[in-house]
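All chains are identified by letter, namely A, B, C, D and E, in their written order; residue positions are counted from 1 within each chain.
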Amino acid sequence: MNDVILRVEDLTISTSGRDDPPPVRGVDFTVRRGEIVGIVGESGSGKTLTSLGIARLLPHGLSLDATTLEFDGHDLIGGSDRELRRLLGTQMAMVFQDPMSSLNPARKIGKQMVEAVREHRGLSKSAARELAVRSLEDVYITEPEKRLWQYPHELSGGMRQRVMIAMGLMSEPSLIVADEPTTALDVTVQAQVMQLLCDLNDRSGSAVLLISHNISLLSEVCDRIIVMFRGRIVEDLTTSKLLAGPDHPYTQALMRAVPDLATDRTKALETIADTEFDLEEPARA
Amino acid sequence: MTDVHPDHDGTDVRGDQRRRGTTRQMVRAFLSSPTGILSGLVLAALAVLVVMGPNGFGSAAVVSDLGRASEGPSEDFVAGTDALGRDILTRTLAATRTSILYATLAVLIAMVAGALIGGLLAAAGPRVRRIGGGVIDTMMGFGDILLAVVVIAIVGVGSQGAILAIAVAFTPNFARFTYSLVDSVMVRDYMAAAKVIGVGRSGISRRYVGRNVADSMAIVTFTAIAEGIMAMSALSFLGLGVQSPTFDWGQMLTDGVRNFYLNPYAALVPAALILVTGLAVGLFGDALARAVNPVLWSERPSLFAGRLGGRRPLVGKDVMGPGAAVETEGNRP
Amino acid sequence: ACGDGGGAGDYGVAVGEAPPELTMVVRNDVDTFDPMLTAAENGATQMYEAIYDTLVRRDLSTGEYTSGMADSWDVSIDRIDFQLKADLTCSDGTPLQPSDIAASIERLADPDTGSVYTGRVFGAGGVSEIVADDEADTLSVEVNDPHSDLLDGMRSAFIVCPAGLADTEALATEPQGSGPYRLVESNRGTSYTLERWDSPAVEDLTDLPERITMRVVTADATRANLFETGQADLVSVVGRDARRLEESGGTPIRGEAAQSDALVFNQRPGFAAEDENVRRAIAHALDSEAYTNAASFGVGEPIDTAYTPNLDCYDADNGALKPQFDMDAARAALEDAGYGPGGETLRLRLVGYDNQNSGPDYVADTLRQLGIEVEVRNGTLAQAAGIIYGESEPWDIFVFPLISAAPNPYPLVTKMSSNLGEGGSYNFGRVRNDEYDDLTSRAPGATGDERCELWSAAEASLLERVDLVPLMWSIASYYGDGLEFEAEYRTVDLRSIRTTGE
Amino acid sequence: MKWRMFLRARLARLAYVLTAITVLTFLMVHLAPGDPARLVAGMDADDNAVEVARQNLGLDRSLPAQFVSYVGGLFRGDLGTSFATRQPVTAEIAQKIGPTMELALIGMVLILLVGIPLGLLGAVSTRKGGRTFEVLFSSGTGAMAAIPQYLVATFLAFLFAVTWQIFPVAGAGAISAAILPAVAIAVRPAAAIARLVRVRTLEVLETPYVRTARSKRLPAWKLYGWHVFPNAITTMLAMGGVLFASLIGGAVIVEQVFARPGLGTALVNGVLLGDYPVVQGIVLLLGFSVVLVNALVDILLGVVDPRTMEAGR
Amino acid sequence: MLELKAIDVTYPGPPPFTAVRHVDLTVASGTTVGLVGESGSGKSTIARAAIGLTPVTSGTVTLDGKDVTNPRGRTLRELRRTAQLVFQDPYASLNPRMEIAMAVQEAVSVASGERIGSAHCVRRATELLDRTGVPRAAMIRYPHQLSGGQLQRVSIARALATEATMLILDEVTASLDVSVQARILNLLRELQRDLDISMLYISHDLSVVRYLTDHLYVMRHGEIVEEGSSDVVFGSPQHEYTRTLLAAVPTMGGNRWRSRREHASVPPLSEEAERAAPVTPPADSVEAPTPVPRGTR
């Protein structure tokens, strides 16, 4: 068995029929089994697109190109459709940014939860339900049996996000891709979700690719952090390195731009001006 | 102010320049759609016919020649003649004025009445809204034709009756549309913001409700004209439409349909004009919708409002919103 | 024969016999099965002919009156004595006594019944006495004023059986008659199935089809389609689709109307047509032939007289009295009336009847050429009636579809004379033609040659004063699939239908 | 609890809308020009016959008296008597409702069978970037919506009944006789539905929850059947009331071409003949069914998309 | 400057819902006061009540000593000249059919009584937009043509245009990027210093609140659970909930989770934390259902 669960080399995502520079350009990184990797970067730097690209879920109108895109040893670009379906359906779980709208409003929680395992692992209805209940328990949802019969709108945002996570976990994936799973939530709920992710990572060894704006948050959770800027990776560093002081000026600026509880109130925050980082190309026309 | 660099390029913030820019952008947006141009040309041609009217064709459209009555297509009469020996093609073209004007008139009446009712309802209390909404829903449930027939039962047959009937029949639709449109505007944050700033009632209704509602209303009114022509022709078919000497496509089509087995062209020619008008109005409306809504001028990429954001239906809450815009400082134009 | 193979005209019987089964298409629905209260035309009348019996009938080919419920009759100018057939029976099996027949006729005669036919059948004076003798099987009807067309009137006095008279409300949907057919199935608005029963009143049962399906189709083209596709055996077409059927080889049988389509005027004081010059101008402007083309696509025939050739007092010479088609004369007459160049513009409201196709349009069109402003109001017969009788909507000209079942001039009297009804309420145009009133008050009482002389003179007085502008002789084309038969404008004589084997 | 409140609101709406319709339709008889009694008595009637007719119709009484007896009749299920046929209006309607319902039902099935798949197809191919199909789709549905129904009906009759003789030319009764008219009335609404379904499906396809569903790698039919379709369909369901109306409205016209008896024909004839009790009765019936259909649609929406029930309050 | 005394806000039902209970809150002149609390605790409700957008059921609101509880007419106009609310989503709170310069001019016009487009309005609007750092080229654009950060600046400029000295900022940076957020925060501090305005700053983000505010209120379930000078509250939180809240804030290099992971055993979520996120949400905190337009043509 390979140590690397996800290998991305020279990933480029481009918009069709537009002259704009591709929103994601030449991204390389790897995620090892059991590792928690964070991606941070300003809004629009391509974090979401990268994660969707990896999961082969790019929205219509965008195209993907990469030298290597390997998941669990399988080639995600050239591989056969059938094989990929099963692989991605069971081994990769997605937790999206907006818990409010990421669950089908017209379908009961239970049905949404079991459909993937029923499809890919051929579980019986009852077995799948049992698994769903266990999975909901794992994410500390009370009265899990009852929840299966509820609709998403009957749950709070935090619960919905936990349902999303529980859904992803049911098939015991080797990689969880979580795109800003807590942006819309309270800090307390955020803390719970983070705890859950770590917990799972611990228990079943799933690797986590965690995307967030919040560099402080990532610094608390991740083993490694990838910093993106304008569709490129500017730095890929371990958390200790980050804490010790990153090399890239953008990462440094990013850390300073966010106030934390200890920020000096008498000083103005540092901001990142567009012109500050001279990447090879200018940002957007 | 360390990091802000306003580009002092001397741009003024005055009105006329602003307006010129707006118009230019609208025109550009409109011209960027081939269907818009095509339908515009068709509509221009129809407008010429409207201006010409029945008299624009000399006597050909109105004077009968019983010696050549009810003929089939020939070299003289491309689509044949009617029972009084009038050339069907000419007559159909001549009927453009009445058909379009009457439908337009009916739709305009409906628009004004509907906008008033809908606007007032949207501003009214919850009880009135509920009851008013129920009545409008039910009226809509009757459908255009049935409502029109019932109105004609009251006001009597004839051109005026038909116009009024169509106007009444369309009013609930407009009322409903205005209602949901105004309603969707009312609950928006910018309305609350305007109130907080202290914008007065008239400012709110003109600059906020008015501007956000007007173009959708205009476009819907525009497209409704095609529906109006159809409805008018249906009334003619039922014998409830315009009466001689006035003639419109509906009357010609009805007559043609009755004569279908002897001279199908008598039906197909007016049908084609109705069809072309309907299509042109629809396509033009679409193009116009894109042109007048600044949000759609440039379709900007964003995850959920991407290319498809521009093609939302012109109905309900999504009229104004660009969807979940991925806004970034880095996206600065 | 309903399109179920077999090919045209194959009814499975010898040539010259009545087809055992028949699908007919009528032009409109039965409004009510109460024959005294009906207002409808073709569909209803055809149905009554089958279901109800009358005292006498008329053979359309010879014009002779033939035996109905009465074997013989004795006619005088104001009285008929009928000798009835014995053992008459209603289709529900109950016996039908002369007193029952008398009751039915009395209902027709009673003004409170509100029947349209009362005046037409019994004349202006109404009924004075109806006497029935159940023992002797006799019945006599006596009227107050002399009425030479009383016998003909009895043709349309459909006899309703006692069950029907007992419950006149139910009669609307359940006919109670003694005619040769029973209604066995009724889908209102769509079709009716009639079945022959062994009525003792019918001499030869094989003369009649056993079973008739009557479908109701109002659209001419659809009736033509049904015939073309073999889904109907006998249809009537009144408009241009006749041309199509002829082109595909059909030969129509003419169903001639009695009395012509004509223009009538509102002669109330204050209305333009009160002036004879205006009427004359209009009459000069109209070409009967052109009107006929527009109104019937050539199916009807142009005519200049009020009485049609199938009427017993028809006089072709009267046609010369109608102002002839001449636009110059029309202009001159109009100028005499004070309109036209120099004068004021004449405005007229024309009421048309939607069965007349483009006829009213033609009239309007021609009048416009005279510089008259014409507003057309086309509607159903009922709507037209509402306008011309009502006082609420002003009108000037009405294109009047004078279609009568009676082959005599009497029905016209009800429209043109001030003698009938209170204040001339039948006379919707308020025609005040004293000469006509006088002549028509005498004509019903006259006999022999004098009768027709009076009627003819009456017609002449109408034409001379231009109270009426005859335009068209309405004719309905009937098409039978391998059938021959006799027809009137509104009905086909069911007893005359025979296969031709073609 | 939720349901009870919901139902109570629906019933209240039913009540006041019906009241409004009753008053309006009653007034109609009296607002209408012309004299119904004269219309009933017919062309040849004299004043006496008209008077008799007036009494028979009960039109000689005062307006409030007439209204009271009309409403009283309603509660007994009596809608009055037709002027033209002297039959109870209920009987009249009972005879005509069958063919119309048959038409409406077949029409509805056709609309759903054609409109929805067409709309889905339109959406899917637009997403695949099928520009040609998109143009075809929008002009095709646009054309379908812009041809008057009676022309469609006549054309269908010309082709299928007269030329090829596959279906009967006219009439009611056999299902085959309802096919052509049903197609004729279904064309426009089907086009409208197809457009609606397409737009709505495109929207739904871009929603985050569909992305979530995609991430499960379900087979296409499950993705569409479970996640896309139920959400796309709600808009269409909300159109149910209007759809029903367009079918009945279409029936008015198409019934004439195919010589079918039905409510539509009866209504138009009623208007033309001034037979107001029939007009009144049919309008009342249609109003009732529209309110009913709307209520049903709301309930159905509540089932399909439980969120709407809360909004419906 | 702004003082809320014992206010209650109840949203009319069915069923009626009391979103805010007995809240006392004071914003002293020239200071920045923070208001934090869990989602749905009533923060926005307070903001709206203070500005007269949502009626107060009981209690009083005073502004500069004047009673502005449930204001109408003149009072309302005066209140709005002094106090302004800036919304979370700048895009949604600007009229999409109005160029941004117009939006600001409109506010100037309301304050000054001058016509929109008059020299005064144009000058003042331009001045304010310059001041808040909106590029001139952007001034004649429509809201959708600007970035979120720019729009938020426009919103602030618009609020200032009314000559307000009291700004209520309801999660103004929640929808913005960190770097943009930093710029807005700097701008606010700068404005406060230069124009001597008072601010009520509502946010989820405790780090930002800590950075920006002098005084702090912590809300939960419609009530104020803790209040005090920022330094004190952050330094030694008294209420259990405040402590949970502070503990949940991620800090750079704080290693709650990482360290646990490294030391293997992870205890399940505590009972207390579970209660902090109620299992059954308050009736209305669920996503607003989208009404389906019936019978749209």
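Following the convention adopted for this analysis, a residue touches a chain if its C-beta (ideal position, glycine included) is under 8 Å from a C-beta of that chain, and two chains touch if they have at least 3 such contacts.
Fair warning: this is a prediction, and the values are worked out from it, not measured in the lab.
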| item | value |
| --- | --- |
| Smallest count of steps, each to a touching chain, taking subunit A to subunit D | 1 |
| Chain occupying the middle, per Cα centroid | D |
| Chain pair with the higher count of C-beta pairs in contact (B-C, B-D) | B-D |
| Centre-of-Cα separation between subunit E and subunit C, whole angstrom | 87 |
| Whole-Å separation of chain centres (CA-atom averages), subunit C against subunit D | 39 |
| Separation of subunit A from subunit B, taking each centre as the mean of its C-alpha atoms, in whole Å | 47 |
| Mean-CA-position distance for subunit E and subunit A (Å) | 29 |
| Residues of subunit D whose C-beta touches two or more other chains | 33, 162, 206-208, 234, 241-242, 256-257, 272, 294, 305, 307 |
| Contacts with 2+ other chains: residues of subunit A | 42-44, 59-60, 101, 153, 268, 271 |
| Junction residues of subunit C, two or more chains touched | 219, 225, 379-380, 383 |
| Sites on subunit C touched by subunit D in the complex | 31-32, 34, 37, 39, 111-116, 118-120, 169, 172-173, 187-191, 215-219, 222, 225-226, 228-229, 231, 379-387, 389-390, 392-393, 414, 420-423, 425-426 |
| Touching residues (chain side subunit B, partner subunit C) in the complex | 62-64, 66, 69-70, 82-84, 157-158, 239, 243-245, 258-262 |
| Residues of subunit E that touch subunit A when the two form their complex | 38-39, 148, 176-183, 185-186, 189-190, 204-208, 210-212, 234, 244-258, 260-261, 264, 266, 268-269, 273-274, 276-281, 285-287, 289 |
| Residue ranges of subunit A touching subunit D (in the complex, touch as defined) | 52, 55, 57, 59-60, 84-86, 88-89, 92-94, 96-98, 101-107, 111-112, 115-116, 119-120, 151, 153, 164 |
| Contact footprint of subunit B on subunit D as seen in their complex | 13, 16-17, 20-21, 28, 31-33, 139, 142-143, 145-151, 154-155, 158, 162, 196, 199, 202-203, 206-208, 241-242, 244-246, 248-250, 252-253, 256-257, 267-268, 270-272, 276, 279, 283, 286-287, 290-291, 293-294 |
